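We call the chains A, B, C, D, E, F and G, going by the order they appear; numbering starts again at 1 in every chain.
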Amino acid sequence: MMDASYATLAAALQPFIAIAAAFTLPLTSLMVKKKEALDGFALTVLSANFALSLFVFIHLYLVCDKPLVYAFGSWPPPVGIVYEVDRAGALVGSLISGLVLIAAVFSVGYLKGEERVNLYYTLLLGFEAGMLGCVYTGDIFNLFVMLEVMSVAAYCLVAFHREVPEAIEAAVKYAIVGSIATTAYFIAIAFVYGTFGTLNMADLALRLRESYMPISAPFLGNVLLGSALFLALTFWAFSLKAAIAPNHFWLPDAHPAAPSPISALLSGAMVKVSLFALMRYLFTIFGGAVKVAPVVQALNYALILLGGVSALIGSLLMLTQRDLKRLIAYGTIVNVGYIAMGIGLASPSGLTAALFHLVNHAIGKSLLFMASGAFIHVAGARNLDELAGVGKRMPLVSASYLIGALALAGAPPLNCFMSKLLLLVAYLESTWLTPVVVIVVLTSALTLMGYLKAFYHIYARQPAADITSKRLPASMLAPLLVLASLCILLGLTAPLFVEHVVSPATSSLLSVQEYVSAAQSIMRMVSGG
Amino acid sequence: MWDLIESACLYVGLALAVTGALCDLLGALGLLRFPNFFVRLHAATVGIIGGAVYPLFGLTLMTIGCDFLGYWRWLFASGSFITAIIIAITAPAGSHALARGAHRSGVAVEPKLCDKLAEDRRGD
Amino acid sequence: MTIESFLQICGYLVLAAIMAISLYGIVKGRSLIKKLIALTILGDAANALIVYIGFRFGAKYPPVLPSLTPAPEDISWFVSVAVDPVPQCLVITAIVINMAITMFLVFTVIQVYRIYGTTMVKKISRLRG
Amino acid sequence: MKTVILFLIPVFGVSVILYSVRVARGPTIPDMALAVDCLSYDVCFLMALLAVYFEAPFLVVCAICLALWAYMFDLYMAKYLEKKELGE
Amino acid sequence: MNLTKRVLGFAAVFLLLFAFFLVASASVSPADIAMGLIVAGIVAAFTSTMVIKEQPHKAFDVRRWFWALVYFLYFFLVVEPLCHFDVAKRILHPKMPINPGIVRVPYNLKGDYAVTMLACSITNTPGTVVVDLDGNGRKFYVHWIDVKTMEEDECRKAISGAFEKYARRMFE
Amino acid sequence: MSLLVEFLLIFSLILGAYFSFLAIKSRDLVKAIVFSAGQSSAFALAFFLLMAPDVVLAYLAVAVGIYTIVLLYAVKKTERFEEDE
Amino acid sequence: MSLKDAVLGVAMAVFLLMVSVVVVLGGTGWTPSTEIRPLAKFYLENCFNVFNRTWWAASPEAVTSMLWDYRGIDTYYETSVFFLAVIGGVTIFRVTEAKLHRKMDDVGLSLIVKTTTRMVFPLVVIVSASVALHGNLTPGGGFQAGVILAVGPLLLIAAFSRSFLEENLKLSKDRCLIIRSVGLIAIALLVALPLMAGSLSLMQNQAKPWSQALQLPEAVGPIWTSGTLLFFNVAEFLAVGAGFTLLFLLLSAPEEELKRAIGL
C-alpha cells in the first residue's frame, strides 16, 4: 500500500516539478549567467522526471496492475482533481519524458552561442509539464488546462527563432488555429458539464453506464445528444491538434519552423498526446457504453476515413518538397493517419497496432528531426540543394538518418515494420475493411521514396565547394545514436515488446471497469476510513 | 432620532437616484442630438456626473437608510461611495484627455464662435 | 412553454449567434488583428455559454456565503438560492488562459509586422510565394 | 424602495441603448470612445443599483473595478489620438 | 529639514491610505486594521514622494480641510445642479440654443494640485470643458457651450471665479 | 417581478451581439477595438446578472482593460486600416 | 461583402442555431434551470460548513475555495500558462538595451492627467490590496487583484511614460521578472507544503480525517486566512501584477530602438 502511494505521488510530481523548475529558472539565470549551469539545471530536472516516470512505469508493469489514482488536495474523485495513470498512460508518459530528456541533451550543443538559453529551457520545461499532465490527468477540465500549457509552450517555442520570417508566421497561424481548437474543446466541456454535471473521467464513464459515485446523482439531460455534441467537438479539436487530414494544414509550417530538437518533440511527442487523449475518450470513457454506441461508431468510421486520407495526402505532398524539415513534417501527417486508422478499427488488435506505432513513430521521427537538425546545424541551410553532400562528412549522422528513414518507411527488421504489420493484420482480420491495407502499403512505398530522395541529396550528391568543416559536438551525436539503437532494438525484440508492454497497455485502455473501480476505491477509502 | 435620520437618508438617496436616472437619459439624448464632439462632451458630463456620481452618492445614503440590509449596508455604502469618489476624480481628467487628444488629432470644432486654442497652436 | 424557458432559449440563440459572428470574423478577417478581435469575442461567448448553463432562474444569489458565523439555516438558504459555482471557477481559468494566448499573439503579430511590413493575411502569404 | 429601483432599471436600459446608438454612429473615434465611456459609467451605476436590488452586498465590488478600467480606456485612447507612441 | 518633510509626507499619505483601506473593506475589525496598517505602510513608503512633492505640512492644516468641505458642499449642492439644469434645457429645447467655442481662461495658481483641482472643477460642471492648458502662460483653453464673451478676464469671472478662490484657500 | 432582470440579461446579450457584429464589420481597426470594448461592457453586465462577481472582476479587467489596451498597442505599432486587395 | 461571404455567414449562423436548439431541448438538463447540479450543491453546502468540517475549505466564498482548494491544481497550471505566455513575450521582444532619449516634460499627457494619476495611483494599489486580502471572504482573489494592481503602472505609463516608471518606482523589466518569479515560487512552495510536512498530498488546505498532516490553521489571530488560501491569493496577486507590468514595459519600448536592437 505504501509503495503504491509513492508511485502515485511520483506520477503527480512530474508535471509539478517541471513547472516549479520553470518558475525558478528566470531567477536562477539572473543570478548565474553561465550557460553550462543552466544546462545542468534543466538536465537534472528532466532526468529526475524521467526517473520518476520510469518508476511509475515499472511499478505498473511489475508490481501492481491496477491504475494508480492520485487525488490532489486529498479530495476524492468527483470533488477534486485526480491523476489516473494506467499502463497505457505510463507507457506514453515515460516515452514523452525520455524524448524530452534526449531532446534537451541535443539542445545543449544545438544552442551554443544563443543568448536566450534560459527562456528556451523554461519553455521546454513547461512543454514537458503540459504533455505529461495531458497524459496522466483523469479530469476533463484539467485536460483542457494542461492542453493549454502544452500549446502555449509550443507556440512560444515555434516562435523562438524570432528573426526568421517563416517561424513567426507559422507561430501566428499555429496559435490562432490552436486556440480555436482549444476553445472548441472548452465549449465541449460546457456541454458535458451541462449534461452530466461532472468533470471527472471515471465518474463520467460510470454515469454513461447508469451508475454514479457517492457524491453524484442521476442523469440530468439527454445523454445521447450531450455526448454527441461533446464527442463531435472534442474529436474536431483533437484532430486539429493532431493534424488529421482536413485539419493538417498548419503542421508543415509549424513543425519545421521550430528549433530542431523542438521539431522532434512537436512531431514525436505532442501530436501523440492528442491522439492519446482521443484514445482515452473513444475507448476508456465512451467506448462500450450502449447509449452512445452509434456516435462512437460514427466517429470511428470518420477516423478510418480521415486517417486514410491524411496518409495519402501526406505521402503525396512529401514527394514534392525541397525543404528537408518540411519533408519530414509531411511524414508525420502520414503516420498520424496510420495511428488514426488503427484507433478507428476499435478492436484490440487495431489498438495494439496504433499504440505500438505511436511509440515507434515517436522514436523514429525524433531521430529524423534531430539528424536533420545536425545536418542543418553544420550546413547552415534547410534546402535540399544546399545540403548536398553534407552527409559524407558525418557518416554516423548519415547512418542514423538512414536507419530512421528506413524504420519510418517500414523496412523489415526495424520497428515501424512491425507495427505496420500489426496494423495490416488487424485490417485483414476485420470483416469488410480489408481493402484499406492498400493505402498502408502504397503510402509506405511513397514515404520510402520521399525519405530516400532526401538521403540521396544529402549523401550521394557532390558537395558544394565551400562546405564548412564545422565539427558536431558529442552532445548532439549521442542522442542520435541512442535513438537509432532504440529503433533497431525495438525492431528486433518486437514480439516480446508487444506481448509484454503494448498488449497490457491496450488492455488497460480497454478495461473500463478497472479504470473506474480504481477511482471508486479512493472514494471508498475516504468514506470508509 | 436614528429612525428619522434613516428615513431621511433613504428618501434623499431615492430622490438623488431618480434625478440621476433622468440626468442619464438627458445625457444620452444630448449625446445623440449635439452636432460635434466638443459639444457632446458637455452632454457626456451630464451623463457621467449627473448620471453616475450623484446617484452613487444617493445610493450611499439610501443603503445607509435601509434597515433590512442589516450589517451589510455598510459594505454597500462604502462600495458605492468609493466608486463615486473615484469617478468624480477620474472622469474629468479622462474627458479632458480625450478632448485634448481629439483637438490634436484634428477633430472638427464646427460649429463654433471662436477657437483660441487652434489660433495659438498655429502660432507655435 | 413558460416565459422563463422562452427566455432561456433566447439566451442560447443569442450566444450561438455571437459565436457564428466571431467564427465568421476569424475565417474571413483580412487583418491578423481583426482575427484576434474575433478570437477574443469567441472566447467570451464560450465563457458566457458555460456560465449561462450554471445559471438558476428564479431564486438567485452569488456563490458567496455572506457570513463568517453561519447558522445551519443560513447554509440551507444559501444552497437553495446560490448559483452554480463550478462554471464560474472554470470560466475564470479560461479567461486567464485566453488572455495569455491573446497577449502572446499580439506580440507575435507585432513581430510579423516588423518582418513583413504588413498584417494582411493575403499579402503575407503572397510574399512567401 | 425596491419598486422604485425596479422602475429605474428600464430608464437606465433606455439610456444604454441611446449611448450604444452613438457608439455605432459616432463619426469620429473620440465620439465613440466618449460614448463607450459613458456607457461604462452607466453600467457601473447599474451594477451598484442591481446589487442593492438583489441584496447581495458582494456584487458592489465590480463597480469600482469598472470605473478604474474606464479611466484607463480613456487615457490610452487619448494617448492614441495624440499620435504619440503609447509608451512615451 | 528634508527628513521632516519626508516623514510628514509619509504620514499624510499613510493616514489617507489607511482610511481608504478601511472604507474599501467596509469594516473596522481588528483583522482589517492590522492588514490596513501593513498595506498602507508599504504603499505609502513607495508612493509618498510621488503623491506629495512639496510642503506636506499643508495636509495637516485643519483650516484647509474645512475649506475643502465647504467647497465640496458648495460645488455639489449649488454649482452643479445649476449647470446641469442649464445644459438640460439646451438639450431638450427643440432649437438647441448653443453657441460653442474655445476661449482662453487665465488663472493665477501655482501648485499642481491647485491647478488640477481648478481644471477638474471646470470640467466637472456641464457646459465647460478644459481642452488644453498652457502651463507657462497660465491659461486654460476651455470649450464653452455658450460663449458670452471672448474677453479673458470676463471669461475668468464667468467660468472659474468661485473655484479659484477656494482652490487658493485649500492649496496655497 | 424579477422577470425584468431576466429581460435585462437577454438585452445585454443582444447588445453584446450587436457590438460584436459591428466590430467584425468595421474596416477601421481602432473602431473595431472600441466596439469590442463596448461588447465587453455589455458582457460584463451579462456576467453580473448571471451572478458571477468573481468572473465579472476578472473579465472586466481582461476584456475592457487588457484586450483594448494591448490591441491599441498592436494597432499603433502596425497599421490601422484593413485594406482591400 | 460579396454573396459568398453572406452565404458563409448565414450557413454558420443556421448551423449554430440548430446546435443551440438541440442543446436547449435535451442536452443540458432542466429548462429553465431552477435547480443546480448535485456536485455544485455539494460545493455550496460544504465550502463553509462549520458544523461538519470534514469536507470544508474554510472559505465562505465557493468560487475561491474551488479555485485554490477543491480544484486547486488547475489554477496552479493556469498560472503557469500565463507565466509561459509572458516568457514567450520576453523571448520575442527581448533586447539588451533600448533607451528613450527625451526629456521628461515633453512626454506623456497634460498636467491635469498627470496630477490626477499621481493621486489615483496609491488608491488603486490600496483597492487591489483590499481585494486580494479579502479574496477568501468576498469576491475577487489573486488574479483579479493582480490585474487591478497592474492598473497602477499602466496608468503611469499612459500619463507619464515608460521611463517614469523605471526611474521613480524603480520597476525595471528584470525587477518585474524577479517579483513574478518570487510570487510563483511562493505558490509552488505552498502547493508542496503538505509534502514537506509529511503528508503525501499536494495542494492540501485543511486537514482531513483520512489525511492528517501538519496544516496551516484557518485563522491567524483575528485574520481569517482560510488555511493556505490567503497566502495563495497574495502570492498570485504579486505575480500577476508584476507579470502585466513586465508585459506592458516590453510593449511600450520605443519601436525604432527595438527594431534596431533586434536587428531587423
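Side notes on the structure shown:
We take it that contacts are C-beta pairs under 8 Å (C-beta built on N, C-alpha and C of every residue); 3 or more make two chains touch, one makes a residue touch a chain.
Bear in mind that the values here come from a model prediction, so they are computed numbers and not experimental data.
Set against the C-alpha centre of subunit D, every other chain centre is closer than that of A. Put simply, the C-alpha centre of subunit C and that of subunit E have 39 angstrom between them. A straight line joining the Cα centres of subunit D and subunit F is 12 Å long.
Between subunit A and subunit F, the centres computed from C-alpha atoms are 37 Å apart. Subunit D has its Cα centroid 20 Å from the Cα centroid of subunit C. Counting partner chains per residue, subunit B has residues 29, 41, 72, 75, 79, 82, 86, 89-93, 95-97, 99-100 touching two or more of them. Looking at subunit C, one finds that residues 4, 7, 15, 17, 21, 24, 53-58, 60-64, 66, 82-83, 86, 88, 92-93, 96-101, 103-104, 106, 108-111, 115 touch two or more other chains. Under the contact definition stated at the top, the residues of subunit G that touch 2 or more other chains are 19, 23, 28, 37, 39-40, 43, 61, 63, 71, 74, 78, 81, 84-85, 88, 92, 109-110, 112-113, 116-117, 119-120, 123, 127, 131, 138-140, 143-144, 148, 151, 154, 224, 247, 251-252, 255, 262, 264. Interface note: chains touch in the pairs A-C, A-G, B-D, B-E, B-G, C-D, C-F, C-G, D-F, D-G, E-G, F-G. Those residues of subunit A that touch subunit G in the complex are listed here as 5-6, 9, 12-13, 15-16, 19-20, 22-24, 26-27, 30, 71-75, 78-81, 116, 119-120, 122-123, 126, 129, 133, 141-142, 145-146, 148-149, 152-153, 155-156, 159-160, 162-163, 168, 191, 193-195, 197-198, 215-217, 220-222, 224-226, 229, 525-526, 529.
Those residues of subunit G that touch subunit B in the shared complex are 109-110, 112-113, 116-117, 119-120, 123, 127.
Listing the residues of subunit D that touch subunit C in their complex gives 54, 56-59. Within the complex formed with subunit F, the subunit D residues making contact are 6, 9-10, 13, 16-17, 20, 23-24, 29, 32-33, 36, 39-40, 43, 46-47, 50, 53-54, 56, 58-59, 61-62, 65-66, 69-70, 72-73, 76-77, 80, 85-86.
Contact residues of subunit C toward subunit G in the complex are 2, 4-5, 7-9, 12-13, 15-17, 19-21, 23-24, 27-28, 53-59, 62-70, 72, 75, 78-79, 82-86, 88-89, 92-93, 96-97, 99-101, 103-104, 106-108, 110-111, 114-115.
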